[in-house]
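Note that chain A is present in both complexes that follow, paired respectively with chain B and with chain C.
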Partner chain A sequence: MSDRSFTPAFISFKALSGWLRALAQKATVHAPRREGRAVVYRELGDGQGLESFLRPTESAKHVLFPRSEALFSFQRQGEAAGAASGKIRLQEPEGEGPAIIFGALSCDARGFLSFDPVYDGCGTAQAVGGIAKDPYYLRRRANTSIIVRACKSALNTCFCHWVGGGPASTEGADLLATDLEGGLLLSPCSEAGAALLEHPDCVPALPEQIAAAAALHAAAERSLGEAPPAGELAASRAALLALFENSEFWQRQSAQCLSCGACTYLCPTCYCFNITDESNGIAGARLRSWDSCMSALFTLEASGHNPRAAKAARLKNRVGHKFSYYPAIHEGRFSCCGCGRCIKSCPSSVDIRKIVLAAIKEAAHV
Partner chain B sequence: MAIEQELQAAVKAALPELDCIIGWGPGPDALRDAPLFLRDAADADVLRAGFFSVNNPALFLPEYKGRKIGVLVKGCDARSVGQLLLEGLVRREDLFVIGFPCSGVIDAGKAAALIADRCEAGELRSVREQGDSIVLEGPDGAFSLAKKDVRADKCERCLFPNAMDADLFVGEKRAPFAELDEYADLAAFEQAPLEERMAFWEKEMSRCIRCYACRDACPLCVCRDQCVAVARDPHWLSQADGIRDKLFFQIIHASHLAGRCTGCGECERACPMGIPVLLLKRALSRRVETLFAYRAGIDMQGRPPLLTFSLEEPRIKERDW
Partner chain C sequence: MSKAQSAAQSAAGTAPGKGPGPGARPAFAGDLPNPYLPMPATVIEVINESPSIKTFRLVLNDERAMRDFHFEPGQVGQLSMFGVGESTFVINSPPTRKDYLQFSVMKAGENTAALHGLSAGDTVGVRAPLGNFFPYESMKGKDIVFIGGGIGMAPLRTLLLFMLDTRKDYGRIRLLYGARSPQDMAFSAELPDWLVRGDLETVLTIDREAEGWEHKVGLIPNVLLEMAPAPENCVAVTCGPPIMIKFTLQALEKLGFAPEQIVTTLEKRMKCGIGICGRCNIGDKYVCVDGPVFTLAQLKGMPNEL
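On to the complex of A and B.
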């Protein structure tokens, strides 16, 4: 564990908002907030209810990968505006400053590890030294610190332990916060995380506090459901390829799916986007916005042909991408962190765990 | 539950004649069943129909056009089926409709709020019905809640809890909890001044992630892949992450459902961000009721008022204006 080299601190709940407010002087702090029936990330504000552990309905991905952003704006210039010969002025957007995500779940932090290789040279790595870098994502990535709040217990829909995570995993985190009596234990997992603790209210943690946190982590681990035997899940890679043409299997699996985008938009690892030019008169912007493989438009070709016209083909892609095609080119890492949001918030109770296991079973029979 | 067993038997008997039967089975969380597509009578034992059978199976019917399928329906689901029939979106001869007396369904959000100081809904191990209560098994033991405290609002005002046009009705029909939908929720909301109401919607819609689960869960949102929300040509809605455009879509949905919406509430239930989008639809339903004396999905001889044209509407006397 990396946190051996860093000294854990303790902050009382009373001092918590003061500390975060101090951090907010230098960075935009995003923290969970209950709104109606959902828990969303909002910029730090009054009445945020920071003392209680809240499980965000949405993932934190929008902080690094906004729902919609202008890649640049454009404007036709001068008298010739509107004429074909007119010049066009392009303008880069102003980049945001540093950000801190407070109260991310451990799976949220791990979710970004699925984003990283894709936005950092993916597909061009060997050939040309990884030039296909996405500056928008990478700038925010470098500028954002993640404070994970360890889960006290798992939900029925959680399966982070299937895919290498855990309720108190520090992978991808800068700081791990654990809820103790009266306050949070803050264990740094990176230099950036350690730097966040330079505040008078972050006092050195007592050995018994560190022990208490470890006991809570173990208890949370025990609350997780059963996982498939170690290594078994890796069979999904071959199984999903073997079932690619099995439309009967996919029709059965997708019967209850509505083909909405709730799963992909809440998912910490779904990174697909769409690009649209929107203009009004002589000025406009090139927008990048979230897209979802569950949507018909995702693969609609200019000719009118749609290779994924049916929802069965779309669900096949969502599951296949996460548990077969992505791991095949990214060192076996699934592009799923097991957060279970796609199950918990699916209006039709589609369960990706069941589909993956059914695929492994089905492929073993043929 | 006795009714559930009777339904399982009925389903087993009917299945040989049908492509499949749509009902409910166990879901990933204690508080919700999942839609179930039964093809094999041997699987009928997992069939459920009760307080947790929230999803509206009418949603799936147009996909199966031309194949004979069975469908279990609560009262509200039956209204959706009725409206689909009326609009020619499904054919009666393709359907085998099985009704049962619905005593309402859970609003999982209400239950989650009531149990918040014990545990999260996702930590519940199991739940079962016991008369007028539900018994929940949490991490620290069992406890119970009264059904009436966690029942969906739509059930409190439902006038038709028994499927009207069923091929088979299993069990005793029950009387509705309400005699009239007085739109009390709307009346309360409309107490607030217009600016406040607009501010309310702006705040609520600011959580919208544009997943369109609200649209895709609606049994009467029939444009599916052709929806204006995602049309590129013409490009009606901006891709920018703006609250106005998100609200604009909700208003489009509500207007396209005016006189067609049966109030099944699936749009609101499906929304992962908990946005109360049903209220907008109810505002238009009330208006349609007042102007055209029409309620969707009930009268098979009726005509959805906004799908027809009359030179002069009996309740809109524009010649006297």
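On to the complex of A and C.
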């Protein structure tokens, strides 16, 4: 790893689109685009408005974890009589080529870090059956470069700094882009990121540009609200367990919740999925699709029994998973990147920050 | 490090302190086995156990996979009906008998209804073995009492037959098996043998009197209290519907069994079966990988969300 490869570059806004188009020759480039009232990721196209900083309404998780994907397809061979007669041929899909996410937020890049150990089988390390790794996710993960665009300022729903992040955090990023006068400073954070800068329009950055970016990052950090004192949040692990049977607390917290699941679909760290089959009788596919633990169907058993039939039990599980169960399995890390989308997009103003703090406070009184 | 310093460092492209470094990601090798891909298997026999339960004996189509298939008593598998779906069942044949893999399926939903349409020669998909297993090593030298209710007899069958096949390792073995009615009793072809063999004491019970029934009549927990197995050097293994489990656990505790001496096996709605998809958790435990077998002592340490 040479020092030269990690030298920051500068690209003018005028040249930005040309650079990304050049990258798009070798990889599918996903970039934010305004559509109606939302900012969504789309494959690079005309009029994408790349020059201005856009704050994506959705996370970029679908690039590595598609909303729906075929795990395999199947085809019956021989006579097509009964549903199970004849031989069956299974075919795994071909993996996609490389991808680049341009304009991810730093919280989004950090969100993938909470997916990684789950899909890499770290949660199953103790399992008798051995470690099960998810080849679909891991293939995309290895093939995807992430260009983070540093946040200019925080929203009042942002709390990345509670959970170890920041507006210009480079964790999980390959390249950090910072909006300067007339262009972007591109600071490589990995070999893969440095390789993206091999383009004539990416010129070596000037020291004053690097200093200006640092000042902007510091200003963005200052725009974040007060975080709970260091270490206080770690009490959530025990607190959420202590409150598990406090149904009065959870009914209070979930009173407004509509079980719509917007929080889970927009969350960069929610990774739960469903597996279903689609078939015309002869051929079909087994699909994996995003699922939501906010839905009562999520845990409904064939017998009719449902361990989380009440919305209070479901919200408790979502908060518990992120701030207690996941940390218990994965070295104390929260499964939350503090992006605040669940708060911003909740139609009934459920605020996970308030729930976690209330739980810590409530448990301390018991 | 001050915020400004840290910001300056990040602008210059170096890592802030916490967590995995920038660009860090798990390794990926192209030849990673695909845990979602079922192994095709052929049904060699279907047994009608009760109006709602059928037993399927399967052989993996790949001879080598069948020969090398290794599992432990209590481990589960996912059965696929291609085009319908996949659901989880215990492998209820013991690892000591490997001519076929046996699964017993109670018709309850879409996939189980489709499975009930299978006949010999049909193809299904199998993902197995999954999950943990009964702690049979630590049960060696001890008396064992099995308490099974309805389809809950299936996971007990694998351990019961395993212990009968390695009989000298265990003390007195007793079985209490109950169902609503004689017709609801699974494994009826095997019951005559279980009732007469000298190395097993079997008690059968049904909920209400039925014509021609020569065994006990009464709810499982009550019959268990009558049997009154002594807790000393004994392990109780139980599985059945939630209401039966609830009162059976109470009965066992009344008889003096400590939570460590009571083993049960749970079920939850499962999809991936490998600890990823997120729906079968009880707190930080996933029933598909940390279970399905738990001692009552373990369950008492977990959130109450069965």
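Points worth noting:
What we mean here is this: the second predicted complex is superposed on the first by the 349 of 366 C-alpha atoms of A that agree within 3 Å, B and C clash if a C-alpha of one lies under 4 Å from a C-alpha of the other, contacts with A are read in each partner's own complex, and residues count from 1 in each chain.
By definition in this document, a contact is a pair of C-beta atoms (placed from the backbone, for glycine too) under 8 Å apart; a residue touches a chain by one contact, two chains touch by 3 or more.
Only a predicted model underlies this, so the values are computations on that prediction, with no experimental measurement involved.
Overlaying the two complexes via chain A leaves chain B and chain C side by side, clear of any clash.
After overlaying the two complexes on the shared chain, residue contacts for A:T57 are found with chain B alone; chain C is out of touch.
Once the two complexes are laid over each other on the shared chain, residue contacts for A:S295 go to chain B alone; chain C is not touched.
In the superposition on chain A, A:N246 contacts neither chain B nor chain C. Shared-chain residue A:Q256: touches chain B; no touch with chain C. With both complexes superposed, C is the one of chain B and chain C in contact with more chain A residues. In the superposition on chain A, A:N274 makes contact with both chain B and chain C.
Once the two complexes are laid over each other on the shared chain, residue contacts for A:S12 go to neither chain B nor chain C. Contacts of A:L266 after superposition: chain B is touched, whereas chain C is not reached. Once the two complexes are laid over each other on the shared chain, residue contacts for A:L155 go to chain B alone; chain C is not touched. Of all Cα pairs linking chain B with chain C in the superposition, the shortest spans 6 Å. For the contact definition in use here, the residues of chain A common to its chain B contact set and its chain C contact set are 274, 276, 278. By the touch criterion given at the top, residues 6-8, 71-72, 74, 76, 82-88, 90, 92, 110, 112-113, 116-121, 123-124, 126-129, 132-135, 138-139, 141-142, 164, 166, 168-174, 176, 178, 185, 187-193, 210-211, 213-215, 217-218, 221-222, 241, 244-245, 271-279, 281, 284, 286, 288, 291, 293, 298-303, 305, 307-308, 313, 317, 320-321, 324-326, 328-329, 333 of chain A touch chain C in their complex.
Remark: chain C residues 3-4, 6-8, 10-16, 18-28, 30, 32-38, 40, 43, 72, 75, 80-87, 108-109, 111-112, 114, 117-119, 121-125, 129-133, 242, 267-269, 271-272, 274-284, 286, 289-290, 303-306 touch chain A in the complex. If you check the complex, the residues on chain B that touch chain A are 27-30, 32-37, 55, 59-60, 109, 112-113, 120, 122-124, 139, 203-204, 207, 209-213, 215-217, 224-225, 230, 232, 235, 238-241, 266, 269-270, 272-276.
Across the complex, chain A meets chain B through its residues 35-38, 40, 55, 57-58, 66-68, 153, 155-158, 223, 252, 255-256, 258-262, 264-266, 274, 276, 278, 287, 289-290, 292, 295-297, 343-345, 347-349, 351.
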